[in-house]
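Chains here go by letter, A, B, C and D, matching the order in which they are written, and residues are numbered from 1 within each.
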Amino acid sequence: MSDRYTAAEMMTVTASRALSNGSTCFVGIGLPSEAANLARLTHAPEVVLIYESGTLQTKPDVLPLSIGDGELCETALTTVSVPEMFRYWLQGGHVDVGFLGTAQIDRYCNLNTTLIGDYREPKVRLPGGGGAPEIATNAREVFITVKHSTRTFVEAVDFVTTVGFGRDGTARDGVPNIGRGPTRVITDLCVMKPDAETKDLVVISLHPGVTREQVREATGWEIRFAEVLESTPEPDDNELTILRELKARTDRHHAGGQAADQTDRGSKA
Amino acid sequence: MAEFLSLHDAVARYVEDGATLAMEGFTHLIPFAAGHEVIRQRKRDLTLIRMTPDLLYDQMIGAGCAKRLIFSWGGNPGVGSLHRLRDAVEKGYPYPVEIFEHSHAAMACAFEAGAAGLPLAVLRGYVGSDLPKVNSQIKFIECPFSGERLAAVPSIRPDVGIVHAQRADRRGNVLVEGIVGVQKEVVLAAGRSIVTVEEVVDDLAAGPNACVIPAWAIDAISVTKHGAYPSYAHGYYPRDNAFYKAWDAIARDRDAFDVWLQDNVFTQGDDT
Amino acid sequence: MAEFLSLHDAVARYVEDGATLAMEGFTHLIPFAAGHEVIRQRKRDLTLIRMTPDLLYDQMIGAGCAKRLIFSWGGNPGVGSLHRLRDAVEKGYPYPVEIFEHSHAAMACAFEAGAAGLPLAVLRGYVGSDLPKVNSQIKFIECPFSGERLAAVPSIRPDVGIVHAQRADRRGNVLVEGIVGVQKEVVLAAGRSIVTVEEVVDDLAAGPNACVIPAWAIDAISVTKHGAYPSYAHGYYPRDNAFYKAWDAIARDRDAFDVWLQDNVFTQGDDT
Amino acid sequence: MSDRYTAAEMMTVTASRALSNGSTCFVGIGLPSEAANLARLTHAPEVVLIYESGTLQTKPDVLPLSIGDGELCETALTTVSVPEMFRYWLQGGHVDVGFLGTAQIDRYCNLNTTLIGDYREPKVRLPGGGGAPEIATNAREVFITVKHSTRTFVEAVDFVTTVGFGRDGTARDGVPNIGRGPTRVITDLCVMKPDAETKDLVVISLHPGVTREQVREATGWEIRFAEVLESTPEPDDNELTILRELKARTDRHHAGGQAADQTDRGSKA
């Protein structure tokens, strides 16, 4: 590890670098949103960001707290209805990259954001699928960014909310009109890609200072490593400066965003 | 034809116990004031439909209005879980709530199909997902032209649809602007519709292709200033992010929630 | 990503002999200039798709570009028949044209489904009509939820879509305003799309929910002043009703048509 | 006949009176458009007129020549896309009355606007269905207005473009989610309604001065007359004045509507 940046910053910068300039990205809230906007503010000024609230080609000055913050609409090229967003823009084939987070992920990149435990008797109820199930199948490819831990990287997800390659890696085989699926998973420890044949995740790059052992310990299955294991390039100063400014702007905005006289009203009609 | 009614009267007239009720607003223009009126009038056994049952439905479920929930993403955006929803689903408190869970794409298409008067929506969806295993509403059909297997879900045609919007003109035509979500679809898909608005104006000042819902497609309009608070109304007031964060602690605790409900819902409202 | 091309180059690059081509504009923003360029480049064996094949397709069919027509209303609005279309269908002159005939509702839904990337559109349509007897593209499906019999038609996903619009900004984002018809659907449904515009501006000056088509959903933009004439461009110029009336006499007569074609199409254009 | 008004005016005024104030009417071009706008300018100022071009609640000052004249958009409450018009507004159940013309009509109100002769070998090719097939089934009821002649009122239409009650009067029986179908046919001679049971057309009212014989001669089948045959009320002076002003305004507008320098251009790009 470096004293120049944190593991979280390493993850965000690496995720942001995955997005190429000019590509069209359907952005999930949280880490994907942070990475996508960092990309837009650094190497990919022409990246097109789409949020499921209907905001097309948006350029928020601060990160949204929700998927439908006013900031997203105000800085968008145009805003369409939510049915149009999912029908014309996502299902219609105009999205290059779907950028997702998750609560659980398995070796075949299946994602669970529905619940922990049994569906009818959940131990923990999570928010559910939202846009992810169709983003993952209708976007040309999918990037996933999530913090690395055995809580998240599990042997078998409790529920396949959003398909990666299915329980056995073959879920996309022979399915017409479906995207390539996950092509990259970026964590705070490493970068992984699905094996071209078997589709199970392979670590292709370790972040500086991270060991194979750390990745193994944070992964709930026997994770594979590429024969030639790269070292992920470090963030440069410009990226770190811009990321930190973005986050500081965001914190200031969301702390002071509402009128003082509304903060303790909570419900008055 | 839209009739201007007090919020109390609109809810009293159109929302019956046991009704299917869709209250929409995709992070924007969420009809909180109307939801609180539903709570005040102690409506029961509602089937609540909403893509993102956030704080509004957490409050209504916690207050005991719901017996069933149809949704696609249930959380406090950017904050965490909906504790009242979880308490109902996981512990049956105050009542058990049955859930029918979809993806956003499916619900958006189901609202579109409902507005289009169709019984079903067809989409390229749910491929490889476990959701069809736990939601009997999700089926698959074969395209008679291409042979492709496509998902089908029932359209959403609720008994009552409620949305918030920026403004109405004096005849009851309504302008929705900004993140328009499924506001138009809900109004058109519902048997009866209530629209709460920030204000009434002489002229909507809408562009030629703006999202305007004509008066003759709406049943009741209730002028309800700040009717979307603590969500926001583009051009009127911002989202109260602090309240969304504060909600987590209120909703975690049954007693804290009851106190909040008493202070902020039951003792409020303009009963007429 | 939209590239600014001359109309000649855009048509030369994207419209191939034998292609399926949709040129839209519902009485408004009809891409006449682009159609004339297709005629000038003597494209052949096109499958032409258009809800209302009015003068534009009468001209293209009369000039011999078409082998097939998919449409839902073929007339000169407010005037009468399309004589070149009738000559082709009834007498095979200059070439036979096979027709696939729909209703407006079905074609509108087929464009919507095409934009939505689906292989089919489902509608409550064609009940009791003879059209399904003569158009093999029309089928019926049973709703898996309600059991209702509904019509199904293949979605429209042409090789090339061409529309006219008011203006583009310098990055190639396009604003369509007024009667927007199926302009957006054609561009999104097509494999390749060409948009002709009246002008290029610094700022589209569009409202938050205006009909804007992003540059990255368009292949070519050709700045073509009066590109919709003799139809109209809302905010730019009115419909030339006199020309629509005069067309009747021109199109009735094969020789008069050939003279018109020579004078107004083949000897015009900005070949580059 | 009267010297106060023509048969065409009698037809238009009678058709206009069929529309009640506040109803929502999906308007066909030509005679229906003339009648619907006369209704709006006389007894039904709150009638809502919808044209298939997407113009909702439009109030044109002059009659449109095409279904999508700029005038319709400029005076509309709002203009939606054509797919939205047919899906949300017509199929969605928001239209009370579909107001149609036709080229042929039979005793069961089936309409033909497709062709005369055989489909593959037409004697005369007509424009086709346009919006009519679904207007006729998705609107709550349908009014038809057309000039009375044996060319139009035929024993059997050559093609059922748009269903009335089918070849035997039963086409709507048992069909779910379908409108009542044609409830009134207004010509320059009389007003007809389908029999409640058999659905074949019955003359219920003769226009002033028109005889049964005239109607019989202008109808291609043995037309029935109601037991109590009404006399259609005459146009009043106000209706005639407003109708004539509307038509004069319309003629002036469409004659002078285009820039002089464009009239002989025809095609210049």
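Points to keep in mind about this one:
By our rule, a contact is a pair of C-beta atoms (placed from the backbone, for glycine too) under 8 Å apart; a residue touches a chain by one contact, two chains touch by 3 or more.
Because the structure is a prediction, the values reported are computed rather than measured.
Among the remaining chains, those touching subunit B and also subunit D are C.
Of the two chain pairs examined here, A-C and C-D, the one linked by more C-beta pairs in contact is C-D.
Centroids built from CA atoms put subunit C at 39 Å from subunit B. Between the Cα centres of subunit C and subunit D there is a gap of 27 Å.
Mean C-alpha position of subunit A lies 56 Å from that of subunit D. Across the assembly, subunit A contributes 73, 79-80, 87, 91, 138, 177 as residues in contact with two or more other chains.
Multi-chain contact residues of subunit B (touching two or more other chains): 112, 117-118, 123-124, 146, 148, 178, 180, 184-185, 208-211, 234.
Shown here, the protein chains touch in an arrangement that is not a line, ring, star or fully connected set. Those chain pairs judged to touch are A-B, A-C, B-C, B-D, C-D. Listed in rising order, the residues of subunit B touching subunit C in the complex are 117-120, 122-124, 139, 141, 143-146, 148, 150, 152, 154, 177-178, 180, 207-211, 234. Listed in rising order, the residues of subunit A touching subunit B in the complex are 29-30, 52-55, 64-70, 72-73, 79-83, 85-87, 90-91, 110, 114, 119, 122, 125-134, 137-138, 159-163, 166, 171-172, 175-178, 254-255, 257-259, 262-263, 265-269.
Per the touch definition, subunit D reaches subunit B in the complex via residues 22, 24, 48, 56-57, 73-74, 76-80, 87-88, 91-94, 138, 177.
Those residues of subunit B lying in contact with subunit A across their complex are 7, 26-28, 32-33, 36-37, 51-52, 59, 71-75, 77-78, 81, 85-86, 89-90, 101-106, 108-109, 111-112, 123-131, 134, 146, 148, 178-182, 184-185, 211, 224, 226-227, 229-230, 232, 234, 237-244, 246, 260, 264-265, 268-270.
Within the complex formed with subunit A, the subunit C residues making contact are 1, 112, 115-118, 173, 184-185, 188-189, 206, 208-212, 214, 216-217.
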